[in-house]
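Two complexes come next, and they have one chain in common, chain A, joined by chain B in the first and chain C in the second.
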Partner chain A sequence: MSLAAEAFVSQIAAAEPWPENAMLYQPLREDQILLSDCASSLAVQAYLRMLGLPVRVHCRANAEYMSPSGKVPFIHVGNQVVSELGPIVQFTRAKGHSLSDGLDDVQRAEMKAYMELVNNMLLTAELYIQWCDENTAAEITRPRYSSPYSWPLNHILAYQKQWEVRRKMNAIGWAGKSLEQVYEDVSQCCQALSQRLGTQPFFFNKQPTELDALVFGHLFTILTTRLTTDELSEKVKSYSNLLSFCRRIEQTYFESQDRDSQSGASDYSKGPSLM
Partner chain B sequence: MGMVHARSMDPVPMHGRDLGVHPDDLEVVEAQQETKKEVLENKDIVVQHVSIEGLGRTKEDYLGYEIADVFNAKNLIDVMKKSHEARMKLLRLGIFKEVQVLIDISEGDDALPNGLDVTFEVAEMKRVTGSYNTMVGNNEGSMVLGVKLPNMFGRGEKLTFQFSYGTKETSYGLSFFKPQPGYYERNLALNLYKVTGQFPWSSLKETDRGVSTELNFPLWMTDHTLKWEGVWRELSCLARSASFAVREESGHTLKSALSHTMTIDTRNSAILPRKGALLRINQELAGYTGGDTSFLKEDFELQLNKPFLWGSVLSASLWGGMIFPIGGQPVSIADRFYLGGPTSVRGFGMYCIGPQSEGDYLGGDAYWAGGLHLYTPLPFRTTRGGFADLFRTHFFLNAGNLCNLNYGEGPHAHLQKLAECIRWSYGAGIILRLGNIARLELNYCIPMGVQSGDRICDGVQFGAGIRFL
Partner chain C sequence: MAAPMELLCWGGDWDLPSVHTESLIVLAYAKFAGAKLTVKLVDWTWRTVTATIPQLHYEGSTVTEPTQILNFLRQNRFNADYELSAKQGADTMAYIALLEEKLQPALLHTFWVDAENYANLTRPWFASHSPFPLNFFVPGRQASVALSRILLTKAEAPLHSVAEVEGKIYSEAKECLNLLSHRLGSSHFFFGNTPTSLDAFVFGYLAPLHKASLPSAQLQQHLKQLHNLCQFCTNILKNYFSEAASGSPPTSQDAVDANLQKLTQLVNKESNLIEKMDDNLRSSPQHRPSRPHKPEAKPSSLASDRNMTPA
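What follows is the complex of A and B.
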């Protein structure tokens, strides 16, 4: 499709209201999804919940390949398919739903900077631990990633993915890092977030933004996912304001909403609770 | 009694350097030369030695089976006939560039007065040969670069590597072929390949990487192929605008399938037959030997040809197939049947019949298609043979249907479903035969029985195909 045609389609999409049957696709929750994908998916879910846009979560073994960008999660709204948080934020804005309209230019720039920090540090650290720490890769990542496939495809796909991630790590200069250095990076990132948050309920005072959704997605997933060691979650747990931030968002946007709607099971894909 | 030097039917200049006889005593006999027949055919002879000269890496035991029959010859005509047959057999093995036959009277201590020696002079193919050619398949063209190692271990084994760069797909394949000594039609082939195909009618791109083993053997009048194939298939959307139904099929699957094909082909030509019939029955069982795809697929093809008035040919064909999922898992879009196009149900777009979603054709679980053709030679042609023989005009009537089946229903309901909403078309056109593998058709078609969602080609339709209705 040409750029003009794509722009035209998104114009059309903007005119249509958010439908009731919007879907979010992610890998299988129990056996397949990885820490990093789970965090990204939770961030998108939190974002949509903050906007009050309904979305049903569908788990598919081939979600990664269904996604137009090859990354999960992606949403299917009307006849549009949009993947990852950034484009989804733009897409909802085109439809007239936004969390960051109340911010001024300086705040918006700051928000973007912090979102970049989370993506560059937390997401990359998650990928590093999953695929570059041989213990985690062998015990958790490869078996989970390849669980829907039969022999010998399971091995081929898992190693292919591992090779791809390691090549990316090489490109961004993370390949030479040790696990300790990566934990230290996570800790520094958390410290920066913790300082920015301070005692406020959200990063930009009273109203949540997409930054809150992104930070929640990652921290909550790190806190509730069992890995080979607890070291990663311990790093996050040492920042008490981040912990209570996660609890607050969980309570406000997941538990209370689910109590209200009484239809928890199908819409709810957050995994274990912090309580 | 004279010495005889025969050269079979090969028009290559003869050279008697190994004969050790005077050229004056030589008598050249052409096999077709009927005038000498009376003189020679009654003389009893004994073939004492049959030898092959010019062998390099070829093992002699492999060729023994091909030339053994020459020993059974009882007279000279017989010797020449059998030598000629043996020569054709040797050439068919695909390991010799050239085969010449020398027939000489026996020499040496044990030579009988009526003894003959037959010598095959062969020139082996090079160890490695390369090729470059272009191919035309179902509506696409490609450039093929190939490397061939004929007769690799000296017993007819062949290793082939092909790299093809096409308008729609790029692929490579490595195959190893081994015939049974003395029974060339019974052979084994191992293949390793990667094929990428783009299917715009489904907005689908498929990359297959696979291995297969194939056993071919004739049985009475039929040819059989037993095959196991293990293939890793990667499906993806061709464009961002692909329908969600196609997007849902994206991802990796592993198919391990056993298949059997039986063919009876009595036609005189594969592309523009004048007479004879073709029956091909194919069945495929996937999932029994592993993988994550399970189904049973049955498919047949029937074609009858009959010469009709003034050199025209009447032809009827029928295709049909059905796929049964096993274990409740739906059948992948890559395994389902597709119908329509310039060489199947004419007048409809390529594979554009049946279930579809947002303009992407999803294929069906069952199909049938039938065709009636009257082929005639080009009008106003002056001579038989030549360029005009590559062409035919034809009048056709095609019909077919493709649909999904509800497996809860019985066979009667299935038949009823296939009999509803039949697509059909009629028209006329010109056919060009391309070698003996494909044909080009330019037709004027009038499609009928069009259902909503079908893409039609009302009027002139052009296309090429290997398989045709």
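What follows is the complex of A and C.
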């Protein structure tokens, strides 16, 4: 989105309150969605739930192509479409909903830094494992990614996506890494997050921020997704405070809210639970 | 230790020990940790120009990439992060990720993709440091690596075009500079009074931007307004890289340095004032000292001197 368009959107956004019929789009939950997309989608859902903004989750096979940036998830609010966590945070702030207003400048710098750590390490590692580890790519990623399409389109799209991700890994210098090194990076990243969290309930003590939503989205998805090996989730499981952090957010923002609203399965979109 | 460690890196210019961010990171960290490196500059030979820079040679083994080299130095007892707590170590990782994700794309763009800077500054410099047939090839290859990195990490598929991402990467980089400035505050280094690997990384990213004379300099203008970051670069250059301070970091000199700093600040303020008066004179039609409005906020105006951080 260009800067002018961004300014325009936030101008319009400020004028309208959050509607009841806001929608979040993601790929098909059972057969199609991949680890990294699922993590990003869960992060956005957790963020909106922390703000108390209602959103209904819609699964579409072509969600990736519906998104304005080509990335999932995206939300459809009123007559606007916004994709990815960063822009969605800006968008809700323009509407007057924010989780990080209570932070001072130094804390905000810290929050942004840790969010980039998650994007830089966890998200990249998820992409690497999905598309660059040939076992995972052949057994899980390519079949799932191309499940809505018939031959030969399924192969074309899956290999095209794989090629794109591998080019990106080349550009950032991850192409030469071995799977072991990537697991080691994930472990280091989790250790940093675990150290930063310490014994607090959230990263900035009592109040959740967008950082908590992002970390929850990624760790919870890693913990509850079955891959060819358990190695990735084992790395996360060795940090007990991160485990209880995930459990706490799941209980506070997903289970109790779903029980309160008595709504059907369409709102409960997170997938398997940690218990 | 038997053989000295040898570091192969791009040479210096613009009052910097090296013009190359990754080389600067390693050089700064080595100074902070007290490691003696034999610096070997990329010269006019094929061997050095085709290598991955920076590159550390020690007892037959070769290490590339700043993070790997820093790890290697730590394993060899040269550790500048020894006194950091576990949480500070975590913070270091997070801020380095922030630099890589938010600042690096705009820096690559400024030096390698921006046509004016590339043609007038970067390409001539790197071409003049490469041997004859390669001087046509080395800068161009680096530029295309930089461009593809920006596009692959920041551009929105499927329309890979650099014009679309320029606005985004520059506004992200400016925000990142503001965040760093807030984080540094008024302290000497990011974690108190001794420099650590985070300081080495920030210095590596900021110093070329601070010192290069760029023809097209929107990011540089923004950095110039964040006085504590500029001061941070200047201090490291003065205390660790000037001729007099080579070797161990000065401790008794601190008082003198503080006085010097105050003096420079005073002089800077003075010159800002003078500049502002000059501007006002020039912007008024008949050199009248009346000031209807200023056409645009100059970066060096007094208003931006202290608390105001630009958006």
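Please note the rule applied: the second predicted complex is superposed on the first by the 267 of 275 C-alpha atoms of A that agree within 3 Å, B and C clash if a C-alpha of one lies under 4 Å from a C-alpha of the other, contacts with A are read in each partner's own complex, and residues count from 1 in each chain.
Just so it is clear, a contact is a pair of C-beta atoms (placed from the backbone, for glycine too) under 8 Å apart; a residue touches a chain by one contact, two chains touch by 3 or more.
What you see is a predicted model; the values in this text were computed from it and never measured.
Annotation for the three-chain superposition on chain A: chain B and chain C fit side by side. When both complexes are overlaid on chain A, the residue A:His76 reaches chain B alone and has no touch with chain C. Greater residue coverage of chain A by touch, when chain B is weighed against chain C, goes to C. After overlaying the two complexes on the shared chain, residue contacts for A:Ser150 are found with chain B alone; chain C is out of touch. Residue contacts after overlaying the shared chain place A:Leu193 against chain C, while chain B stays out of touching range. When the shared chain is aligned, no partner comes close enough to touch A:Gly96: not chain B, not chain C. In the superposed model, A:Leu117 makes contact with chain C only, not with chain B. With both structures placed on the common chain, the touch criterion links A:Gly52 to neither chain B nor chain C. Minimum C-alpha separation, chain B to chain C, in the superposed model: 10 Å.
Common to the chain B and chain C interfaces on chain A are residues 1. Per the touch definition, chain C reaches chain A in the complex via residues 65, 86-87, 89-91, 93-95, 97-98, 100-102, 145, 148-149, 152-153, 156-158, 164, 167-168, 171, 175-176, 179-180, 182-183, 185. Considering their complex, residues 232, 234-237, 239-241, 244, 247-248, 250-252, 254, 290-292, 358 of chain B touch chain A. Within the complex formed with chain B, the residues of chain A that make contact are 1, 6, 60-62, 64-66, 68, 76, 79, 81, 148-151, 153, 156-157.
Within the complex, the chain A residues that touch chain C are 1-3, 69-71, 105-106, 108-110, 112-114, 116-117, 119-121, 164, 167-168, 171-173, 188-189, 191-193, 195-196, 198.
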